[in-house]
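Take this structure first; my questions come after.
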Amino acid sequence: MAKISFASDYTRGAHPKILERLMETNLQQNVGYSQDDICKSAAEKIKKACECPDAEVFFLMGGTQTNQIVIDMLLKPYEGVIAADTGHIAVHEAGAIEFSGHKVITLKSLGDETDTDRFGSETGKISGKGLRNYLSSFYRDENREHMVFPGAVYISHPTEYGTLYSKKELEDISAVCREYKIPLFLDGARLGYGLMSKRTDVTLKDIAELTDVFYIGGTKVGALFGEAVVFTKGGKPKHHISIVKQHGALLAKGWLLGLQFDTLFTDDLYFEISRNAIEMAELLKERLLENGYELFLDSPTNQQFVIVDDYRLQRIDEFVGYSFWEKYDYASSVIRLATDWATTKEDVDALMQYLHSTDW
Amino acid sequence: MAKISFASDYTRGAHPKILERLMETNLQQNVGYSQDDICKSAAEKIKKACECPDAEVFFLMGGTQTNQIVIDMLLKPYEGVIAADTGHIAVHEAGAIEFSGHKVITLKSLGDETDTDRFGSETGKISGKGLRNYLSSFYRDENREHMVFPGAVYISHPTEYGTLYSKKELEDISAVCREYKIPLFLDGARLGYGLMSKRTDVTLKDIAELTDVFYIGGTKVGALFGEAVVFTKGGKPKHHISIVKQHGALLAKGWLLGLQFDTLFTDDLYFEISRNAIEMAELLKERLLENGYELFLDSPTNQQFVIVDDYRLQRIDEFVGYSFWEKYDYASSVIRLATDWATTKEDVDALMQYLHSTDW
Amino acid sequence: MAKISFASDYTRGAHPKILERLMETNLQQNVGYSQDDICKSAAEKIKKACECPDAEVFFLMGGTQTNQIVIDMLLKPYEGVIAADTGHIAVHEAGAIEFSGHKVITLKSLGDETDTDRFGSETGKISGKGLRNYLSSFYRDENREHMVFPGAVYISHPTEYGTLYSKKELEDISAVCREYKIPLFLDGARLGYGLMSKRTDVTLKDIAELTDVFYIGGTKVGALFGEAVVFTKGGKPKHHISIVKQHGALLAKGWLLGLQFDTLFTDDLYFEISRNAIEMAELLKERLLENGYELFLDSPTNQQFVIVDDYRLQRIDEFVGYSFWEKYDYASSVIRLATDWATTKEDVDALMQYLHSTDW
Amino acid sequence: MAKISFASDYTRGAHPKILERLMETNLQQNVGYSQDDICKSAAEKIKKACECPDAEVFFLMGGTQTNQIVIDMLLKPYEGVIAADTGHIAVHEAGAIEFSGHKVITLKSLGDETDTDRFGSETGKISGKGLRNYLSSFYRDENREHMVFPGAVYISHPTEYGTLYSKKELEDISAVCREYKIPLFLDGARLGYGLMSKRTDVTLKDIAELTDVFYIGGTKVGALFGEAVVFTKGGKPKHHISIVKQHGALLAKGWLLGLQFDTLFTDDLYFEISRNAIEMAELLKERLLENGYELFLDSPTNQQFVIVDDYRLQRIDEFVGYSFWEKYDYASSVIRLATDWATTKEDVDALMQYLHSTDW
């Protein structure tokens, strides 16, 4: 591992308060499989934070697992899920959706059709209009019985490119879903970083209202692991425990999931630590721009995409962790730098120093 | 939760040394997906403990998940896995094996065919002889192309009834597997409790030699979660990370798995804490027999099956956690009591007191 | 191929009237995928024959395909199907049910628990009582969320052993299914031979009333191929064409299925040719008993199971096709002899002559 | 059904020689499941026609079924199949590939990126260059273990747009497949019409040499149903019968498949009747152009795509069967007209008359 890493938002353990709570409760005995009181308490706090008292909440361990299981819960066996072609389920889940028998029906993501070199701030998103076009065209097609029926819509917020939907955009997508009676599922693996962005008008309550199911990411936002699934309109399937178990995803010591979310949703910890990532990302962006770097796209969240000369990248390689994204031109590349709940001003300073050291 | 629970061996958190290590390393940055150095160190220690330097080791989160993934790795799509009809994969995994497309081909477990009321100490096991009968009969069957080809053999050790294979019995099963070129997979969810039993001649090295793949259970033996999969004869598939990801089982902060096993396999901690469970089980058994209780079967490990009057069960219900197993006769039931790495003499005393309190 | 075969009931092409109709209509143009008028006509005739005007009928190509698709239509992804352990789906479909993700939950079939050597006339069947026991025990089990939920019941009539349910027995099973709100599916691959048995009180109407879905076998009863699926209580899923297509089972020239069933259900042809198989089976049985053969079990349909000396079997091997069933004792075996819609008295005579030739 | 139909190439029964042979052999007894001599004979004739004596040949019933099974045979569970985004498996098989757990990895098809309104003659194809770009980019991607590994390449020839690969183009694709050790699978549902095109330099032998597996379509080329799968380089999996059975696709009276291909591959019947479709398509195209119609794309095979005024389409609707393809502009549409082995000059005349009748 390099001395300092911005490679992802899951490079460290958990927020210290979570570990403290782990220590305190370690020798208490609990019933298994998330049937315990800590999970119940966490679920209540989440429902309150969502202002959605009738929500049904349960916990899973990771993002791909959650996407696979929730989508399998939403779809009939012959249905597929609509997603942006840049969506995590379409690209980076090793076929987990297809493994459970479902097609990912891709819509071209916005923002990459311009004639400029640069990706736009719409990258990674779909639009209500694009969705309606797809659905109306599907239902007009005489051969649709030979095609995969669209049974759910998947969006990620923030997207894989750090971009965000506006409230209006979410309302548009939600309206189309309701018109076509298709559930809307929002992947919130980095939801905290979206909600705390300085450029968003979307609240947690909005998300609960506009989606049918979404999840609040813990793995990337201060937990050791864990995602909180929230069914907002009563759609949690009967026997959801059996479904989770059948997918090999039922944690024996399920209270560990509850304990983490219970801590994160006490005294707004989840939001507070998410804010830190945003502030550090803003600082990072500022420092990069000051130093003449060019951003690949304008991300309002904790993932920043920046263009760096290849010779410089080679030099920092053993000191700084980053994610290679793609080649930009013959002599430079796009890299992703992610801040998180634990990133400090000192980390940003160190990064800038490595980038600008004259000691090479 | 009752005041004290013997309901399972996964009612508490982790051995304190694991939590200490979690605290120490919490803010260190690691690469994800078990590609870190802690996982490498844990794998090396496990290979050493198995005296199997060429073993390939990786980590998963829970037992059903591990069974599902390993079996899917071993089988061709048209093959099934042979197991005792009492095997965990046949009964208590909500169809996780079938979910990945494979049949569980069941052999009648030993020990339940006697004409007595009592289950025998063979319960939960299969035999080399029974396995050979099945396989030779299958390969003589003219219609075998219309049947499910047996592609792997699954045994659990200890079994779901706490019973153990002798070394000779494992050798017999292993010999049949080699004769038919079928890999042998051993579910070691409670392996430590089997190895530390006072009535076993099977060592970890024996298991590594006699099986093709097995796993060392962490969830039930002192870890928060985690199972260490050991391929002993080079059978780990290419791209195992993709397969794990496709099953939704790739932990982002994979070092958490390595860290737990690295701790458990330092200074024989795994064996030491397993021995505690055995000693407490022996004490429990002694105390039960002293007090006139009848054992349902004679288990040499940490799970004890005892017959208790129903009126007594009702009275202890709110004070003592236990697993209801089955009705024994009109007025009594079989319950399972499990000890674990953390069970104390005081716990056993408390249990006996609840059972014998005259205060009811 | 031997000179004459009783190996199965699908050794010849189709009833001549079907071929005639094929010839007549060969150059007519039809719409594909069973959306044509011939399929509609066939469906109407079948509904009439079932006295079930609200039934929904569609056609598939073969037995295993039909079992796989219908069961997949009936079950939720986490559910399994209950069947006798001798059931075709449990033994001889190469894991087609598990391929679509579902467990076959087996009940011990009746008739093989006696202490005699001989299988009884109940072999291959389940009982309402056994079914209720299973279901009530399942729903009492505290761990049922970790098990496979029973989502449908599969029976075959005639069974794989040629045996038949009485009307009372079907009513019992049906009542349990309704009590537990589980659909009852009857595999009628050889239905004609069951309905025309001289020892049955079950009519086609009874079957339509007592089941939720069943199929009328064509492949084994005079068609080139084809099975007619009948949903009797409105349960045919929306978009059944997509489901069939997804399973790779949608015949482009679907009218070929309709044409065959339209012919078979004109002027009672299906029943008439089924009666021939029964009469020939009765004649065969009579001749076998006259000649001192012992029946393995007492089958009232077109499959007869008889015990034959191995030396005799060897001698007839190149002249007579039969199905080896199992070894009976060291010197003799059980074979199955099947008659069908095309078997003649001359065929039976020829068989007996081969068996009794003194020319060996 | 309209009086005359060009809606598809599977509107009629079978070539009369097939029906004759069905009649002749109808009462002969055969062993089931394609283990009979007729299937063996057909396989030999096909191997000869392919000039590939070591090929392994077996038969299935329809195109989607064949695509699903062959692709499942080629791929490891975690692999996907590469196809043009217009490919039949990507669009019109109701998710049959995903049903068996595999992702269809789509490459943008050629010929639809021009700035003209018209689709080009490359539509529906992929190129060796595009394929290499995808594969080299995939194997450079650091995250590829989180993606779906490409395990086979699927092309259709003719494509879904009637277009054809040149020999050079097939060689290019084949070379990339060999470089990356990925099998090449060619969907020949309409292969006869491709081979008999007046504008092709590709022979059946070329296809056998350049692919690893392909199929020769019967359903659309003169058979009642049936596709002949040809593994050209020894890749047919062990136990292919079990795999076919597991997919619900094993025809009991398998000789019906052999009989049809044996007839089609006697005296070049397959090629002769395919030539008829091409000649009729050429005549149709000529007549359409003479009459001022505009072709949507330039297809060298039996599927022709023509632009027709909507008012005219409405008028012919009850007399002429056609496939609506897509809207062309506000007042006209693209339709597909397919000729086949049975189309006559009179059919073409009738079509033109309906189109140009002044009697409306």
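The chains carry the letters A, B, C and D, assigned in the order they are written, with residues numbered from 1 in each.
The definition used in the following text is that contacts are C-beta pairs under 8 Å (C-beta built on N, C-alpha and C of every residue); 3 or more make two chains touch, one makes a residue touch a chain.
Predicted model, so just to flag it, every value in this text is computed and none were measured.
Within the contact network of the assembly, the step distance from subunit B to subunit C comes to 1. Comparing the contact residues of subunit B and subunit D by number shows a mostly shared set, over half of all numbers used being common to the two copies. Between subunit A and subunit D the centroid-to-centroid distance comes to 41 Å (mean Cα coordinates, whole Å).
Separating the CA-averaged centres of subunit A and subunit C is a span of 51 Å.
Subunit A and subunit B have centres, each the mean of its CA atoms, that are 35 Å apart. Under the contact definition stated at the top, the residues of subunit B that touch 2 or more other chains are 77-78, 93-95, 99, 101, 145-148, 242-243, 245-246. Contact residues on subunit A toward subunit B in their complex (touch as defined above): 1, 4-5, 7-8, 10-14, 16, 19, 22-23, 25-32, 36-37, 61-69, 93-96, 99-100, 219-220, 224-225, 242-243, 245-253, 256, 321, 342. Interface residues of subunit B, counted against subunit D in their complex, comprise 72, 77-78, 101, 145-149, 239, 241-243, 245-246.
By the touch criterion given at the top, residues 77-78, 80, 91-95, 98-99, 101-104, 142-143, 145-148, 324 of subunit B touch subunit C in their complex.
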